[in-house]
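Two complexes follow with chain A in common, the first pairing it with chain B and the second with chain C.
Now for the complex of A and B:
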């Protein structure tokens, strides 16, 4: 017997993501899902961003990693609530895990939830976490050819951070080629070149985050969430 | 690696669809995967085979239909195949294009031996 059905295979995750979205809306909180390869500078970016907003906004962090609590320890040193989500081998976070993390981190008192996904430039882009906005994090040392190689991530993000620009003089990173390729995949998302070493460019990114939180900016969603 | 999560979700959906249709042994499972989905068919198949062991879908054939990527221009409405991955309209050069197909990841059918 042949049976025709039509189910999005990731339907269960998408349903959990919708619940996370509703929970966030109920709490008046905004969540950012930071996605980028291992060592691209995600934790360093959080370490730069948190002190800049801590006097106005209450921040909580969910740290996704395969193993160790090292990143959570770095965030805890800043004095904000943090929960380490250990995937035990999983290459990405999923929405149900984030829902448990939100309960543990104490969502009710928070304005911003910063979710650092597992260091991986490919897989995390496949899974909706119910976040308000996805932020791609690439560093100049990874090379300017990455948009074409990982189109899904660059297409899906609501903003793109290009980190470690202090290292530009030591690399062959071609900024023009990079921007052209990125814009070929994503016409809308703002682009923030910055350095967590010198602090250059971080302020502009923080302004954007606050605009997203106050809904002053249109932060178009990618196709995975339509 | 995320093929494991996809295979787990697929096995659960197939089981639900099997039960909803009177049970029996699953002979084949048909899914549709868009070109932009970062899914490696061989890896997905091996996880599916592994997870279905000892269940009514053991040894079921997993058929994967690939869907090519295409886009629609937001400026001139041209629909075009994404031979090149970049979303740039070949007719008018606009970058305001939307992915039309290529993002699929769906269970579309199964065959039951009842």
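Now for the complex of A and C:
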């Protein structure tokens, strides 16, 4: 008789994430998981990024929220396919939910999938969604002391966006202290200070996203990945 | 034979919260649970409030964080007793941990206990800590669309602080839309727009805190509560 083992939630999530990864690879799509606090500027960043790539890359969006379709409505206004993933209370997205979202959003026709996680910098960092890269989103008004206080996210990200730099003159944000704190947790991830209000710095972040996508798809072709 | 029942985490927390409530009542102390996103200004608010009440009320602080003692160090500089509660990854405080913190901070000598939750507006709202009142802390740079997107917190709070109003001229925060969204979830809780940078609005919030404390202690005396 086979013994049934109920795996814990993170193990179950990891299996679902592996399936998402295989699905993305099969479709030749690259997925970015945007993680940041409530009001850090994740949706505004997507609103800036999408028009810059839409002429050459097909983009779909999964919008994670506890409640309302407000963010999906903002994205739909840009004319790209979007699915709102409502957790109904849950403070993070999980991979099985993302898998359903990929089906709904029409993955087969997409190059990039932008996943906006629930506004929270604690738990979302613990859950692998099968994404190609995690992008941390912090804003200068949240203060320079955040990396050490929420270390997992800053350790896990493949890139870090520091938004709202147009507000730097009105805050006491210490850029040197911030970078030192972040680099103590993550030596490699590129760092993109930018402003979604003025557009400053957005182009460099978009170039990075396209590089990640090119690398993934070239790698997929060259080495026979799924 | 007695059957052992393992209650779920929220039920276990509720029992611990009832114990915290009884302990606070026995000590004649009033506890405020400050809940807000990372960088919303919770610690800055405590830094503004404490010097305003320290001449007539004895204050102790429990600082909830995932990692580092940065916030407790800021509070210790004000000369009040403080205990850092490190969750080591957990995205919220639970009542049993607060109970230990109350012992460590020296509850018997205190009038007010200020509990700063982990920076997160999802899960902390689900966990009763046995506090007298939950205080929501949002800042204008997080945007006016937050109440509907994180409804439980805004529904649960006994008061709402909207901080960083000195930055209002540099944002597109819509105060009317915000208040309408908040009032749709919570008709009664007083609302305190303020700036910890300039000090504007802090006095009104402190008056409210003292009223809550007076009401609690009068009620305790008058009606024979523990």
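The working rule: the second predicted complex is superposed on the first by the 206 of 226 C-alpha atoms of A that agree within 3 Å, B and C clash if a C-alpha of one lies under 4 Å from a C-alpha of the other, contacts with A are read in each partner's own complex, and residues count from 1 in each chain.
Methods note: contacts are C-beta pairs under 8 Å (C-beta built on N, C-alpha and C of every residue); 3 or more make two chains touch, one makes a residue touch a chain.
Keep in mind it's a predicted model, so treat the numbers as computed, not measured.
Contacts of A:143 after superposition: chain C is touched, whereas chain B is not reached. Applying the stated contact rule after C-alpha superposition, one finds that A:155 touches chain B and leaves chain C untouched. In the superposition on chain A, contact of A:67 is made with chain C only, not with chain B.
Legend: residue contacts after superposition of the two complexes on their common chain; A:127 is shown touching chain B, with no touch to chain C. When the two structures are aligned on the shared chain, A:91 is found in touch with chain B and with chain C. Of the two partner chains placed around the shared chain by superposition, chain C is the only one that A:164 touches, whereas chain B remains out of contact. Of the two partner chains placed by superposition, only chain B is touched by A:184; chain C is not. In the superposition on chain A, contact is made by A:9 with chain B only, not with chain C. When the two complexes are superposed on chain A, the residues of chain A that touch both chain B and chain C are 89-91, 122-123, 126, 148, 150-152. Contacts from chain A toward chain B in the complex involve residues 1-13, 89-92, 94, 122-123, 125-127, 148, 150-152, 155, 181, 183-185, 187, 223-224.
Residues of chain C touching chain A in their complex: 37-40, 65-68, 70-71, 89-91, 118-123, 126, 138-139, 141-143, 145-146, 148-152, 164, 166-167, 170-171. On chain B, the positions that touch chain A within their shared complex are 1-2, 4-6, 9-10, 12-13, 17, 21, 24, 31, 36-38, 85-88, 95-99, 103, 105-114.
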